[in-house]
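What follows is chain A paired twice: with chain B in the first complex and chain C in the second.
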Partner chain A sequence: MKSAPFSVASKLVGDAAVIYPKGYLNNLSGESLVKECGIYIGKGITKIVVNFSETDLINSIGISLLLQIIEDLKNIKGTICCTNMSKFLRDTFEMLGLIQYMVVFSAESDALEYLNTGKR
Partner chain B sequence: MPVPSNAIPAEDFLNRESELHYLKGLSALKERALGGNVFLEGARGMGKTELLMQLHRALFREEDVVPFYYPFKTANQKGGYFAKDYFTRFVRQYLAFVKKESAIAENVAEPLSCLVPAIASLGLHWLTDCIENFQAHLNHRDFYWQLIAAISAPVTAAQKGGKPVTVMLDDFDAAEQLFESSFGDAHALISLFGESMQNRLCPHVVTGSAGALDALFTDHSLLGMTERMRLGPLPEDLAVQLFRTHLATLKITCAPDLRFAFLALLRGNPLYIRNLAKATWKMEKKELTEKDLVECYGFEVSEGETAFYWTSVFNRYVQNPTKRRAMVKLLKHAMESGGMEERGRLSIISGLCEAETASILDAIEATGILRDENAVFQDFIRALYMREIEGRKPGDVREKIESKYLSAEEGSCFELVIPMSSNAELVVAKAVEQIGINMNLDADFLNHLQLALIEVCINAMEHSGSYEKKVFLKFITQPNRLEIIVENSGRPFSLDSLTELPVGEKLQMGIKRGWGFKLVRSIMDSVKVERVNDRTRVIMAKEIKDKEVHP
Partner chain C sequence: MSTELKKALYNISALADLGQAITSESVFHEKIQSVFYVITGTFLANKGAILSYDKSSNRLNTLTQKGFPQADLDRVDPEKLMALGKNEPCPIGDGPLSPVSGAEIVTPLWVGDGFIGVLFLSGKLTGGPYTEEELELLNVIAHQIAIALNNHTLFMDLSDKLEENRRLYEEMRHIYHGTLQAFAAAIDAKDAYTQNHSYRVAKYSAAIARELGWSEHDIEGMYVAGYLHDVGKLAISNDLLNKVTPFTPAERMEIRKHSTTSHEITSKIKFPWKNVQDMVWHHHERLDGRGYPEALAHESLSDGVRILSLADSFDAMTSQRPYRKKMDVQSAIGELKKCLESQFDNKILLVFCKVLEKEIKGELPEPDILPHLDRNSDLSVISSMLEAIIQELSAP
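For the complex of A and B:
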């Protein structure tokens, strides 16, 4: 566990936003993530990729906030993809039975392609 | 009932040579006005009674000083019965000394009248007169003179018989409870011993609770006549030697690598050492290991002789079962909070009114048990609390006590306190990371442990409403097990209060929170939540399998 200070970076790739949460995803940082996604949703973006490659740790509050984003996108018929999840992160979502409600890719490029073409 | 001749073999009575030597010479010192009486002080089980019995035996084997030993612990406190018992025992022990036949002292079934011919044949006519006088007081039902005659019998014997008498009064504080016909009807009968204690031919060696006797020697005619002798614990090496001796007597063999490290817990207390040795025999141990010692100890403090001993002490001071339970609660509270606080507040703990609570606190003070505070006593209280207050089964209680030491014995224990502040749980996660590295745990496995711990901590921070705003953590590591205890004050929490809905249903209902304990339960092998006084305690354990450890 590196537990770097949490930060969120993002970029727009075509019509999809790619978000990079970094560090420990808890209540405070989860709020930042929700806010960052909200900014894109506010701009009419309905395709979001969350790249977890630099997320060290997530707690249950972070998970609930992630579910919030999934629901927000669902409400606007948008899509969210999760990528570059560590084994630990994947196992955690699996333990909770949440993985089936998420669209997961091992690489960011695979997610972007899926969002572009609709094919996995 | 202790009988002087039941003393352990002198060679097994360790590290008390100087005390024994001093007490043996006490009569000579008192005759020359260089010494007086001795109040033998020391924690319970430290060997005060045994020292008296050794002194009795040593004097019995010689000719110069007559030993008289009287145990108040088992005495009937009704004055008339006490007087008869005290007098009869003295006569028996005196005759046994003169004839050098210890059996005379032990044969309590034989009436005193049967001893008169033997006394007469020895020419001890003054003793026959004493017996007749005492009988006359009995016949006249003269309570006061019965007591005086009994208590002064050693003085009379010393004056008439020409040999000083060393009087050994074991648990002398019980004499404060002497009464005439009903409890509390005759105060200060104990002061009748003052005359006898002042006599130059009769040094007295007394034992008893320091709490009770402090008051006695301060307010009483005995002030200034009595010196204190403190019996300390056996040094570590002698404690092991004594334990080995007991094991040899009981024919218990030891594993070759047994270091007796666990014995340090007994703090050189001969009673505890003996009881633990006996427990190994009762539990039919062979090739004794350190783990066996812990197991036998768990039995001892919960159901064995040590538990029985302390229960008897409790019963002596507090007879009412409800009050005894309250006493247990108060003692456990005192142990956990490092002492007794303001009396008024303690009635909340005891569950009784302030007056009743005060009487229990007085009894606790009189027993002196908080002064004698030691790990064994504390474990006895824990065991008693689990059994009587929490209603746990004996096996469960034993296991709890054992687990405390098995963990500490074979592994390590780390404690940590964190504030209930933002990201404080990450400090805990870092701590468990280092513990995991020490245990060579696999990184992925370790991440999950961190997550479980974080969840319990944030649950405490979010929901407890604690004014203390602290979370207390304890990590107990063993080669193949990790136990984590998380404790916080504030609002109670129970696993039963959690409702487990299927994930789909939960999401459909828009419920996004409540994943924490689901994670904890998935990660850990066992999760238990207890309420201890005003604190919630979460106990999590994880067995470490080979695949989760780096080679």
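For the complex of A and C:
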């Protein structure tokens, strides 16, 4: 079965960018996620929320791309929050040890609240 | 499920990702980029590089990289890499390499005894050394990348050789055509009245063959037959060829020998095209069997012979000859039509008219017939005539 092509949408909420990846993060089309985050980082945004509600699966290519975003934010002392993750995504990030580089929330609004107030 | 088991499953799926990336239909640089992501994603390395070895320059070329200073990669000595284990990941600190800032693991890529390139990886984002299992996995991955790079190199070498052969073939073809043209000029030079006759007959014949839908190869054969159809005239004296008064029966017989002589000369050449010899031999045959040298008729005459016969006659009629003035284009076309069935083929005349009509209307980018016709010709009159003939010959 052929999966739907990967796409990315985004919006700015206050001083945080919310990114909505859609589809299986498993090939070069996932580079658009890095590019989208890069655009916000280039504009001085240091807080990024990635809402994974429409991305259930990820492979090593997707991990590599996510790694780039984490690295880019690390370099500017930024924050990445991941929300609405499937169990598979959460387990994968935990197993790889990536979870320590992100703040995980079940809902996007919680992440935005955290970024706004600094409280969980 | 334990973390170890989950990690093992992740590594297995990473190998599957690698296989998919390598065997995908993507272009090479996209494949390499996917492979690169699979590796960095598998080991959580935030820096990495894949370099390929160019044997002819003894240099390493960066195919893709992230995070390393390019100058460091440019300084890597392939000879020193070759001293390391084949596809064996090796901590940089232990090796004899000049340092690549940020690189922790180097893996020379080999296929058999051929050094293919190298893979550099930084430390892991999560810190900590590469485990034994991870180094074993990297060894497996290195084998796969080496094979993919080697296949690409072999493919590129083959493509280069193919391109070189194609270029040489075109060069040979060019020389061959140049030789033919020189030869045709020598034939035509024997007779002051037939200058460029062979060239024009070749052009007209090829144009008809093209309109008939022949393959490029067969069109080229037709072209060559046009060039060489009168080569037998080289054996006829200049005095006879340029004679102003009518030929005696003996002289006519002598002149008529030229098509057989053309056949004898061309038979000694092994052409890559079929029927060239047949076409030059029989270009003076007629459908009614009253032609020469063999008085063949109808089914015995190939389309190539019929084309050459018409093209030759048309050019002969529209060219000045020592014993008569040249005909205008309309009269020559009228003469071809008059001799349908007896001398010329309906289908070939129809196609000839269609090509000329297209050329007059500017529908063909490179006209073959029109540029050689009398400049004083009234094209609108010719066009009307052609339209009428096309309509008549197309009727069921």
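In this text, the second predicted complex is superposed on the first by the 116 of 120 C-alpha atoms of A that agree within 3 Å, B and C clash if a C-alpha of one lies under 4 Å from a C-alpha of the other, contacts with A are read in each partner's own complex, and residues count from 1 in each chain.
We adopt the following convention: contacts are C-beta pairs under 8 Å (C-beta built on N, C-alpha and C of every residue); 3 or more make two chains touch, one makes a residue touch a chain.
Please read all numbers here as calculations on a predicted model, not as lab measurements.
Asker: Touch check for A:Thr117: first (chain B), second (chain C), both, or neither?
Answerer: So A:Thr117 meets neither chain B nor chain C here.
Asker: Looking at the overlay, does A:Tyr101 come into contact with chain B only (first), chain C only (second), both, or neither?
Answerer: both
Asker: Under the stated touch criterion, which partner chain does A:Asn75 make contact with: chain B (first), chain C (second), both, or neither?
Answerer: Neither partner.
Asker: Is A:Leu57 touching the first partner chain B, the second partner chain C, both, or neither of them?
Answerer: After superposing on A, A:Leu57 lies in contact with chain B but is clear of chain C.
Asker: Which partner does A:Phe88 reach: the first (chain B), the second (chain C), both, or neither?
Answerer: After superposing on A, A:Phe88 lies in contact with chain B but is clear of chain C.
Asker: Can A:Tyr24 be said to touch chain B (first), chain C (second), both, or neither?
Answerer: Touch status of A:Tyr24: first partner only.
Asker: Could you tell me which stretches of chain A are touched by chain B in one complex and by chain C in the other?
Answerer: The overlap between the chain B and chain C interfaces on chain A comprises residues 26, 28, 59-61, 63-65, 67-68, 71, 91-92, 95-98, 101.
Asker: Okay, in this complex, where on chain C does chain A touch?
Answerer: 3, 6-7, 10, 13-14, 17, 21, 26, 30, 33-34, 36-42, 44, 46, 66, 125-126
Asker: Using the touch definition from the top, list the residues of chain A that touch chain B in their complex.
Answerer: 1, 3, 24, 26, 28, 57-61, 63-65, 67-68, 71, 87-88, 91-92, 95-98, 101
Asker: Within their complex, state which residues of chain B touch chain A.
Answerer: For this pair, the touching residues of chain B are 422-423, 425-426, 429-430, 433, 444, 447-448, 450-451, 454-455, 458, 503, 507, 510, 512-516, 518-519, 522-523.
Asker: What residues of chain A sit close enough to touch chain C in their complex?
Answerer: Residue positions touching the partner: 26-28, 59-65, 67-68, 70-71, 91-92, 95-98, 100-101.
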